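I've put the structures underneath this note.
Two complexes are shown next, each including subunit A; its partner changes from subunit B in the first to subunit C in the second.
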Partner chain A sequence: MTTVDQPVRAPAIAMTTRRIGIAGIIFGLAAFWIALPPLTVRSVVWPILVALAALAAGIWAVREGERRIGYGAIFSAIFGVALGYFATQTSLGHLNIVIVWSAILAAMLRYATPLTFAAIGGLFSERSGVVNIGLEGMMLMGAFFSVWGDVQFGSWEVGILAAMLAGGLLALVHAFFAIQLRIDQIVGGTAINFLALGITGYLFIQIYGEQGTPGSIAEIPDVRLHLDKIPPHALGHFLDGAIGQLNLMIWLSFLVVVLASIVMFRTPIGLRIRSVGEHPRAADTVGISVYAVRYGAVVLSGMLAALGGAYLTLGFVHSFNEGMTAGRGFIALAALIFGKWRPFGAFGAALLFGFSSAIADRLALAWGTSWQTLFQALPYLLTLIAVAGVIGRSIPPAAVGRPYKKQ
Partner chain B sequence: MTEAPTPAPPPLPEAGTDAAPVNFVERYGLLQRSGGVATALITASLAFLIGGLVVLATGHNPLSAYREIFNGTGLNWLFPWVNGTDRTFAAMNLQQTLLKATPLMLTGLAVAFAFRCGMFNIGGQGQYTVGTIVGVWVGSSWAGIPGPAHIVLAIVLASLAGAFFAGVAGLLKATVGAHEVISTIMLNWVAFYVGSYAFGLGGPLQNSTNVSVPISNDIATNAHLYVFWGDPILQGLHIGFFIAIGALVAYWVVLNRTTLGYEVRAVGFNAEAARYGGINVARSYVTAMAISGLFAGLAGAIDILGWQFRVGQLDVQASNIGFTGIAVALLGRNTAVGVFFSALLFGGLINGTSGRHLSADVFPPQLAGNLTLIIQGLIILFIGADVLVLYLWQRAKRLRAGKTPGAVEVGT
Partner chain C sequence: MGPDAPVVLELAGITKRFPGIIANDHVDFDLRAHEVHALLGENGAGKSTLMNILYGLYRPDEGEIRINGKLAHFTSSKDAIEAGIGMVHQHFMLIPVMTVAENIVLAVEPTRAGVLFDVGAAADRVREIAEQFKFTIDPYARIQNLSVGQQQRVEILKALYRKADILILDEPTAVLTPQEARELFGILQRLKAEGMSIIFISHKLNEALEIADRITVLRRGVKIDTIPREGATEASLARMMVGRDVLLTVEKTPGVPGKPLLEVAGLEVFDDRGLEVVKGVSLTVHAGEIVGLAGIDGNGQEELIDALTGLRKAHAGSIRIAGEESSGDSAREMLETGVGHIPVDRQRRGLVLDFSLAENLALRDFRHAPNSRLGWLFPNRLVARARKLLKEFDVRGGVPQTRAGMLSGGNQQKVVLAREIDRDPKVLVAGQPTRGLDVGAIEFVHRRLLSERDEGRAILLVSLELDEILSLSDRILVIYEGRIVGEFPPTVSEEELGLAMTGGGRGSGEEAA
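Showing the complex of A and B:
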């Protein structure tokens, strides 16, 4: 992440420019938002006016030197007015079907949670210098073995433990080959994905056969908060719909993000992980065991990715199917890159990708599944744009992907 | 990722105490340089062995399972003692195996070519999908033009589409330094969803006759590739097989006999040194990726024109050919001959484990399909780990010598 240095301008003025640029971005979004329920303005004049304000703020910020945020505001204005125009042209009936904010937010959180777990897992692995494109496979292991443990012992807690064990074991294989045998980490990750597909598919057919997983699995419970009592009725109703009934694992994923951030940036363990990922030789010289730290980080990443898989089966769809993670591990990887290898960045990206999935679902309600399918390509396109450096360069840890050889 | 995928075997610790391991390493290194046949055979055998153990552990007979899979590949056609109807069936099975091996050779080349330029093209799947989309679109439109022209047009445009798709990743690497693994993974999923959308219900390329089926239109009959072995109705072997062989030859010629190939290999060997030597590294990245994508797009076109004739949403989503290309390239050590034989191996595995050939009494085909994935994963895992072979060998030797096995630390 590049730091913006302003040697000439006084910091206070720079902060103001920044704020105006950010306000521009928000105005651009608002140009779209006012055309949607509950406000639903039907004249295109209002989105244009709001977008003009955003445009002005953006241009001003660019001229004052805040180029990145300024251009962000300009883009936001253009997209805001385009989408706002589209919304005013759409029938009210369709808008009311698609835009139900509380349902969208709840769906966003449901879709984001598996991505969050896996992305935080990837964060540990990659920050320690080991590329992990096997997240998909580790998630799949978690998805299968959580169901297996759950059915065997009739409890979701055991299911979660089994998932973490299986994901951790597969990660251990990746770690052994990547760290000890120093094979190319991307080759190793590819192998891990194939292995997981094969192992879970094989065991699924062997154990459950044609009927699939039993219908009577112990599910991870939802946390019921009675938020509809909160005073203004509209607000209470909205909050209750959005977060009033979320799965336990969703709340746990928030906790994992906070913990990951604290561990990574506020503890000696995090310092060790980061130093091993940035400059292993230096870390080795001061007595940090590069291998031990990397083993720990990779195994932890497998466990976290498996938690994402366990949520998917025990908390979301309540069954297992061959290859059911369907690329979520790769979106998690994308979220990690999009979030610039930072816990809250990755979490934000996971929320954004979850939001796009949620919107895609709602679009399907009004216009059929065709658009929904195309919409699902969006997270990948966004990540492509992000790695192309349009939205600020995403720079990986310095030693990521390089095997370390002790001297 | 800038190094060649095959690291040289590191010097063994405590190797001087005994003459045998030194000889072994020397022999092994020699084989490695002469094409790495030994590593490929050892890893493949090891993977099949472990796969057999999985079969055994889950209560099936690995020997009869493997025998049945082998017979399903049709390779028993090569045995002179197979006669009568067995021989007819073997011929048909072998046609199927070669049919499956044909695109694998090309997607294998797609991975191998980028490897030789020091890049990992993990996007063969997406490039293949784009090739099938363009191939089926061209093949099913413009029904009026004569067959050969139609075929050439479809093949050229599909290959170019693949080249463009991969070229994006090459361009991103060359200009802004975006890692090609990340961009090709993202492009894979873009192709996945664009393909699902195009052939899905209400999609732009969905068939015009039955709107409830998410499948494309059939390509024009005069755009079908000529079937030279077997019955065209029963999916005989088409001339796309020879196109793939031609591509293998072209791969070898371009890499070893042209300036372009020299530059690509130089960049793959050491990008910094190549830059210092006056080679335009950025251009090499773009060209190498585009050529890689060309091979994968060609694979897509040939599958469409040769035997599929149409693409469904499910075909796009279930296809694994591009990913298997990674295993093909790695096992084939990125050489033309190696890619040919490993494509045969994987083509045989895919065909031998398909429900069409494998009887469920011996070994359920759904299990066998997943067994293929396990074996594929193990091969990819082991092939990069030359050190593992040495590790196991040393360990075994030490066990024989009665020393503590834990004393060997290969990683040190």
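Showing the complex of A and C:
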């Protein structure tokens, strides 16, 4: 039958309910925050009071029909009071070691950058309708070949080019199987990951052998901004610590996010990529080459993921090890889903994952590595929550994962 | 217009072979300027193949295409678009999550500063074209929020935006309500007046006679003839399409109603959104009687059918099958009690398209002997049974092992009929049983329903087609906004029925879609 359901529009009152619910979420986080430096309240009463406000806002929002945000606020209140209690019971010395905000932010950006590159890569691929579970492998290729190019030619610029070439080539293999041969994209992507593991592992042993990659790698430079001059002194000091000395690639990743957003949503190219990912036959009937668009998008995704790998080696740890990407490609894929297939959404998710890695690192400074290990599971937990739909249902492009066959 | 108008498009000797069949066998076709040319034929006659060749989606094996006298070679739809051909596909080629403007300008986007997509200019252009042809459409609306009729207009605008002067419409009314179809015809008349040449593909005789200047009939890939509308009748067109005389209105003797088999009282049903859409329906269908339920789409018919067949729980009220209280029964219990169901959407609810015909025919009875015993299925027996049923119901184009999806719509419906009738149901609920079928298949279904009535079954016929209701029913009920608003004898006029369907005396001119 031919009736089309009109979407139920939320009445104006819902906006205020939403705001109160969101305020509840913020209060819940604040319950934890006030127990941390620099405020560092030492009485558990304060976190409890603030969390109660969050709880009240949450319950009200749920009763007014904003269930998702309301439950978010309630969850945030429970979370906040538990962590707040924990913080007040901890020695000040430990807290001051762990919670150094500027250092946490800088570390967050370092951890987030490889994820950002790969997630934006995944964005292009998936928006064009090709699932790219091979991001992990493409990143690994980038990581290895950036080192190889760098060492071979003594220049990190060549290293980056080599990484993009290698990542792009591996993506081309994926594209060929997924688009031309129409094999299952999950299976193909998995094969790509093992292929990359094999190629890089073999070459690593062949070329660098027992000694590992040489120490004489030309590193991608940091961008040194002298922000400590900014008044007031506390702010300047904070900014300088957080972003005063970031790697060039981190700044590049910001640029990539902005560019990706413009290309995807403000240009004809983006419109065409999205149309191919949503309804390839419709795109085909207006004369868009579905195959060409998909090839382009997948190869670009491989290059971007490889940039993430290049940052990892040339900008972050300055060496290569077998399998060193350690699942970052998959986390980037999760960030993409978490971010609802949008550049800034994916970036935000990457930052969140980076943040939890940063916290985990600093926890280790005070308590040792067992806490670190526990905390490193947080991104995965967050992903599960996100995929389960707590953050709002994440709707993938309609044709993602479905091979297209021309008539 | 008229015979002197120049020929803008010519197809000469087009032949297209697919493995096992010749879809088009040396077909000639021409389109004159400012005419509506209907391409008529049964499902599978080769209409769509011919048009897909014209639109560059298929390459012909033989034959030529000439546009304004010049030979054209299309290797993709892009070539066809550049030659001024626009196509409105039966299944719309629109992207649900994008806006009207984005869909229309896709691949020919206006830009700002050379690289940026100019959304504002796109919307302006869409509005401009829409106004020229007196459409109303919001360029920023998302396709998924539009009615089917509006979506079709977007498809037409898409062709106009690309400066098409030849427009192909593939079965454009198949998805429309009667009201929307009326509006479409108005639009087509305006397009014609503005200088467009239109190819109108259909299998509905009355539509071809209403809208077309000339009519070309295809049968099994062969062109039968091209005739002017003047002088053509439904009967003559039907004979050309099917190749034999077709009874367009079935011969019907008055029914002999027996005892009541379906008794519904005060039935209330909610839809998926939790809104009450069936609001206290009471009706009775006797043995040996066809009761037609007329109404405009979306007045609670679907939910009523669901409740009667156990697919949806009624909120209140009672359903008695042959005197046995059955409300609240599951679909299987309803089945066992003796309800047969011909679903509205045969491809999604009537058949499992990826299953074989034998499996589809056993969907109801696979649990019982001789089909299975102690949970063990006997495939050979399914096949033997299917072979018998396919023969009895004259299902063509398939053996028991054929996938159901391979059959034409008419033959698929015959499979559904075979399955439901073979169970010897007391009550048969038929939802739009001839939707999308061609004349030959419609005739078969109608005859079969009447003969089942004469066997003593109680048949509830739910249909949007007034012709069908009027020609088959012994009594007619009209449903409007979830209530039965009138009962009529089959001699009632269409006007009177139409009035009741739009809410009785509340003005027949009001739009009820």
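Please note the rule applied: the second predicted complex is superposed on the first by the 394 of 407 C-alpha atoms of A that agree within 3 Å, B and C clash if a C-alpha of one lies under 4 Å from a C-alpha of the other, contacts with A are read in each partner's own complex, and residues count from 1 in each chain.
In this text, a contact is a pair of C-beta atoms (placed from the backbone, for glycine too) under 8 Å apart; a residue touches a chain by one contact, two chains touch by 3 or more.
This one's a predicted model, so the numbers in the text were calculated from it and none came from an experiment.
Chemist: Quick check on the superposed pair: does A:267 touch subunit B, subunit C, both, or neither? Answer first, second, both or neither.
Modeler: A:267 sits against subunit C, while subunit B stays out of touch.
Chemist: Of the two partner chains, subunit B (first) and subunit C (second), which one does A:64 touch, if any: first, second, both, or neither?
Modeler: Touch partners of A:64: none, neither subunit B nor subunit C.
Chemist: Once chain A of both complexes is superposed, is A:219 in touch with subunit B (first), subunit C (second), both, or neither?
Modeler: neither
Chemist: Between subunit B (first) and subunit C (second), which does A:275 come into contact with in this model arrangement: first, second, both, or neither?
Modeler: It touches subunit C, and subunit B stays clear.
Chemist: Mind working out whether A:228 is in touch with subunit B, subunit C, both or neither, as first, second, both or neither?
Modeler: neither
Chemist: First (subunit B), second (subunit C), both or neither: which does A:384 touch?
Modeler: first
Chemist: Classify the contacts of A:288 with the two partner chains as first (subunit B alone), second (subunit C alone), both, or neither.
Modeler: A:288 sits against subunit C, while subunit B stays out of touch.
Chemist: Specify the partner with more touching residues on subunit A, choosing between subunit B and subunit C.
Modeler: The partner that reaches more residues of subunit A in the superposed model: B.
Chemist: Taking the two structures together, which residues of subunit A meet both subunit B and subunit C?
Modeler: none
Chemist: Which of the residues in subunit B come into contact with subunit A in the complex?
Modeler: Residues 1, 5, 7, 10, 54, 58, 120, 122, 172, 176, 178-179, 181-183, 185-187, 189-190, 192-194, 196-197, 200-203, 323, 326-327, 330, 364, 366-367, 369-381, 383-385, 387-388, 391, 410-412 of subunit B touch subunit A in their complex.
Chemist: Across the complex, what residues on subunit C touch subunit A?
Modeler: So the residues of subunit C in touch with subunit A come to 52, 55, 57-58, 76-78, 81, 87, 89, 93-98, 102-103, 106-109, 111, 115-117, 145-149, 158, 162, 175-177, 180, 273, 297-298, 301-302, 344.
Chemist: What residues of subunit A sit close enough to touch subunit C in their complex?
Modeler: 1-7, 262, 266-268, 270-272, 274-275, 278-279, 281-288, 398, 407
Chemist: With touch defined as at the start, can you tell me which subunit A residues reach subunit B in the complex?
Modeler: Per the touch definition, subunit A meets subunit B at residues 131, 133, 173, 177, 179-184, 186-188, 190-199, 201-202, 205-206, 291, 322, 327, 330-331, 333-334, 337, 368-370, 373-374, 376-377, 380-381, 383-384, 387-389, 393, 396, 401, 405-406.
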